[in-house]
Amino acid sequence: MNLGGFILLKIGINGYGTIGRRLAHAIAKQDDMKVVGAAKTRPDFKAMDAVNRGVPLYCSVPGNESKFKEAGMELAGSLEDLLSSIDLVIDCAPSKMGLENKALYEKHGLKMMFQGGEKSSTAEVSFNAQNNYADAIGKQSVRVVSCNTTGLARTLGDVRTLSDTGKVRTVMVRRAADPGQSNKGPINAIKPTPEMPSHHGPDLKTVIPGINIMSIAFAVSSTLMHSHAIMAELAEPLDRETILNKFRENPRVRVYRVADGFKTTAEVMEHAKDLGRDMSDMYEIIVWDECLNVSEDGKELYYMQAVHQESDVVPENIDCIRALGGIESDPLKSMEKTNKTLGVGAGL
Amino acid sequence: MNLGGFILLKIGINGYGTIGRRLAHAIAKQDDMKVVGAAKTRPDFKAMDAVNRGVPLYCSVPGNESKFKEAGMELAGSLEDLLSSIDLVIDCAPSKMGLENKALYEKHGLKMMFQGGEKSSTAEVSFNAQNNYADAIGKQSVRVVSCNTTGLARTLGDVRTLSDTGKVRTVMVRRAADPGQSNKGPINAIKPTPEMPSHHGPDLKTVIPGINIMSIAFAVSSTLMHSHAIMAELAEPLDRETILNKFRENPRVRVYRVADGFKTTAEVMEHAKDLGRDMSDMYEIIVWDECLNVSEDGKELYYMQAVHQESDVVPENIDCIRALGGIESDPLKSMEKTNKTLGVGAGL
Amino acid sequence: MNLGGFILLKIGINGYGTIGRRLAHAIAKQDDMKVVGAAKTRPDFKAMDAVNRGVPLYCSVPGNESKFKEAGMELAGSLEDLLSSIDLVIDCAPSKMGLENKALYEKHGLKMMFQGGEKSSTAEVSFNAQNNYADAIGKQSVRVVSCNTTGLARTLGDVRTLSDTGKVRTVMVRRAADPGQSNKGPINAIKPTPEMPSHHGPDLKTVIPGINIMSIAFAVSSTLMHSHAIMAELAEPLDRETILNKFRENPRVRVYRVADGFKTTAEVMEHAKDLGRDMSDMYEIIVWDECLNVSEDGKELYYMQAVHQESDVVPENIDCIRALGGIESDPLKSMEKTNKTLGVGAGL
Amino acid sequence: MNLGGFILLKIGINGYGTIGRRLAHAIAKQDDMKVVGAAKTRPDFKAMDAVNRGVPLYCSVPGNESKFKEAGMELAGSLEDLLSSIDLVIDCAPSKMGLENKALYEKHGLKMMFQGGEKSSTAEVSFNAQNNYADAIGKQSVRVVSCNTTGLARTLGDVRTLSDTGKVRTVMVRRAADPGQSNKGPINAIKPTPEMPSHHGPDLKTVIPGINIMSIAFAVSSTLMHSHAIMAELAEPLDRETILNKFRENPRVRVYRVADGFKTTAEVMEHAKDLGRDMSDMYEIIVWDECLNVSEDGKELYYMQAVHQESDVVPENIDCIRALGGIESDPLKSMEKTNKTLGVGAGL
């Protein structure tokens, strides 16, 4: 059902890095929204992706226009020019800059989307399609929760449709840098996150209110995926197969077997290349079959999952656009459309 | 010009890992050749790629048929069944197994292609499209040289069209494992290759006879690309721009700038994702603009390049099929067709 | 109190790698035991350490004697020769080989010590000095639990002196190779351990009977230390300082602050070099001050710790020799002596 | 011969990190010099090393005194206080800060030593004990060349005693961070150094004037050692054994065999732990026996070596103190004394 919103929602993307590029590619596959342009600070190879894909480029740092010219990239205007031409802005600037940018977006009276690197207070509501799609409808600003929180929200959201959860404990083993980042370490170390709980637990409550969760995090010398160990007390006893089947039914979760060669996150991302998606992404949360167990009494669940930090929020952002933009009020219809257009849940 | 060979060359792929999968995907984009099937030892996730792509699967280890059945993968037959149905076999088995397989291929009277992991003596001739395409015509067996040798052959082949080379010295900094391999190290070390010259130098002579080259190799804790430092004495003095322009004209070489963000191999492979190729591959050899210099007298050239170990040989294999299979006698026509179908040289 | 055992216990070490070397060095600092010799399979640089330190070398693979001779290393005899000359053998062979070696040790009527890579059933009892020293007294065979289990035993053993524990959940982030190992990966991946619980939980019960523990493990691309996240339900409410003080009182545990620069395991092991111990080892378990918290009701404890996989069992082995060898019946006296001779608990 | 300099040279160390700590430890082993104190900016765990070793601590950042107090570390005064009490200052501040500090040192009329991270113009002369010890005598300021340059200077210096060299080409594979650094990457990449020649070649000329050298550098995901491939044209034909024997005679160079287990830099640094030196350092340059070869005509030499970036300059600094401080005019006497006190050239 169309909520009486914009016919073809005009979208601007501020920031064209890991997430911005992916969203531009994903929106291009939708028939109910359109990217008007993307703003970038510098003319590096990521800016060239916009050029190659026909996404009009805007310069977000006044004074840097000449650098784009020198690099042979034509500009469509400034960030303010872009903001004047759109209905909705997606902030994809580096973490913590979204809050700084907000006043500018408000000045232009825009609907605003922020990413999970921002504090939850930056927007009226936080978002995960499967758990609280409706909360974004009619709002002016929404924040799509981070990749890790999205990963927790999908599988724990599924579990909670089967049984209420008691205390949930999770330990996150985070990749310390993205594959395209060469300046960040560690090269050879394990890094504990001093904040306890790490921000992931409290963040999950923004999309699954009332969940009782403790989260602890490490960062490690890897670039491929985050991994989680999740231990959840269950109000109702469940068995292993019931839970695995629930996950298998969710197009945004995949159950993979170590026995099929998925020994580590390396093989999971290698397999993603076979699937032929944009940027060889893995939108789905991967749960390892052999690494899911329930206690003998069925009252505690243990499982291990992996999250492709660069892409699992891509379908969530597309859904969020539909909810925030007033395009679709039915979460299932939005998610189905997103899944179909991006290939989520398809293949293998 | 068609050499009077097979109308639609029927190809079998023995081994469906890093190279085998890529070749199946690449051949599917050609109109003058066809994959009849691929043989695999085990039903892991790579075998599932064949299923997903409609490539008939054959079992290469007698006795393993039931494992495929258990994994829900239908088999079209045994390796021998596959070999009976084709004109040309591409051996993509692990290094050194090609020689073992050769007798079987000969028994079936097949044209045979081997990869660079085999010794050069395994086939009648070694192959690099740009340098010795014609040598493969009319042969029964050909070996496509390895990723590193291919990288050297492309750029040094280009240089030698501008000036004869005196002594060439190269130091290879090899990635120690592929991105999808989790069992190999080192995690934190630099490993010298005790063989001196490393096999790359002598191997280059199989496709550029007479070149005077010394090669030294290290392996390092990375999975993304090999890198080379190349120092070539020049018979005729050249200048930097002449050489860079030569490289820029070669669709299988790209000149990238550190200043555009290509600080390391990580950014290069990140950018490959933007290009939208199969498996996010980078078929071209990357030469860093800032890292190419000539001595004051123009008589010595220094440059640094990176090689995507998993894919630079893919276009070479397609060309090799055309030469060995008698489909096309003109190297340029074959390369142009391969480049066009795979997108080599396009984008950015 | 001397138990009437051997005056100067004669010890043989079978295997001279990561643990064997360290034990030879540590025993050399004791006045109540003596290394008669060490057996090795091959004359590599680790064997040279025995030569340099004056530890007689024995060849454990019949037929390899000539290799030692070629390498210029004098042999004192065969493994059987060594076993004939000692009172107690410490098996430091690679994991799972201890069980194979056991019959030979029994043939010589020796007291036997095994390491944590062996199954607990290999010996009559498993050992951790702080928790069950007395169990080893009078036995013929004892197994010192692994580095990870030792780490859990020390800190959870301390916690349990303050309050009984309910369910304990722990997630281990394991280094995938030792610093001196260059063949093992992964280079860039996170690897879940499919066994759930991982062997660490059940193993802990061999030295702390009755503890209710679930353990989950990942392996990561690091060589420096294992890290643990530990979540323990407490029967009696405790506060943060009480627990930290308990740890501070234990010479085999250290409480370090992120604020002092201990951001990761890298800085911890860098600091170990300042302490001037043998092989720059860190015998103590490191608990990060900022990463220890209790829930508001004081009934659940969360903390993060790091374990130097190569050395935390060294003092445990020395104590085990005293218990098994009948040298000392008082755990505290043995531990105090071990700590003093090795410098455990000293410095900073 | 004593040059009529200071009886017991009073030394201050400004900066107490990787190099500063090691120099304090090394000077403590000498009988002709003395550390008066070390200045540090912050009270982290490295400052604690000074406390533990009885090195008086001075605060080099006015205003930070209270932080030391809070951390329980007593201060002996300010940096200026330290500078007023000494004869010679060794600047061990982070790269490029030495030049900033120089005016302050001059104000106090001090003899000054800088490290290789500074430009050569910072001091009157650059220093390598083996090659130009005498140049430092009678100077006011000297710079000890960097770890990589020291590695080149030792082995190429040796080679040049056997034969003049023609063009020397070297490719450096640099570790991207030190073992105790957790913030620097790359985690998974190879990084070319855009400067060509890299600074190492020109830097070598400051201690071996007239050498004709080209250097090219990569940085890689490792923390253990730098590695070099060196290709040197020889004026006089040499054979392999002559060169290896020359290296074997140099106490500051070691020839190790892959066959003895030294497969990578990991095993080399593992072995360093066996040698029992301060901080498990490897002061010597490691040349791999199997990786040294000469061309058939004996006119070109190829070899591969590894450099412990944290410690190979330690003995050079000690010698430099003697030359600059007027303690000893004979290079051989100084080097012999340094080697003996630090254990350079001993063991294995």
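In this document, chain identifiers A, B, C and D correspond to the written order of the chains, with residue numbering beginning at 1 in each.
Convention: contacts are C-beta pairs under 8 Å (C-beta built on N, C-alpha and C of every residue); 3 or more make two chains touch, one makes a residue touch a chain.
Note that this is a predicted model, so its numbers are computed, not measured.
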| item | value |
| --- | --- |
| Touch-network distance, chain B to chain D, counted in steps | 1 |
| Pair with more cross-chain C-beta pairs in contact, given A-C and B-C | A-C |
| Chain of greatest Cα-centre distance to chain D | A |
| Chain B and chain C: spacing of chain centres that average the CA atoms, whole Å | 47 |
| Centre distance in Å when chain C and chain D are each reduced to the mean of their C-alpha atoms | 35 |
| Gap in Å, rounded to a whole number, between the CA centres of chain C and chain A | 42 |
| Shared interface positions of chain C, touching two or more other chains | 179, 181-183, 186-189, 191, 221-224, 263-264, 266-267 |
| Chain B residues touching chain A - in the complex, by the definition given at the top | 21, 43-46, 48-49, 52, 71, 178-183, 187-188, 223-224, 256, 260-264, 266-267, 269-271, 273-276, 278-280, 347-348 |
| Of all residues in chain B, those that touch chain D in their complex | 169, 171, 173, 175, 186, 188-194, 196, 214, 216, 218, 220-225, 227, 229, 231, 258, 263-267, 288, 290-291, 293, 300, 302, 304, 306 |
| Residues of chain B defined as touching chain C within the complex | 176-177, 179, 181-189, 191, 221-223 |
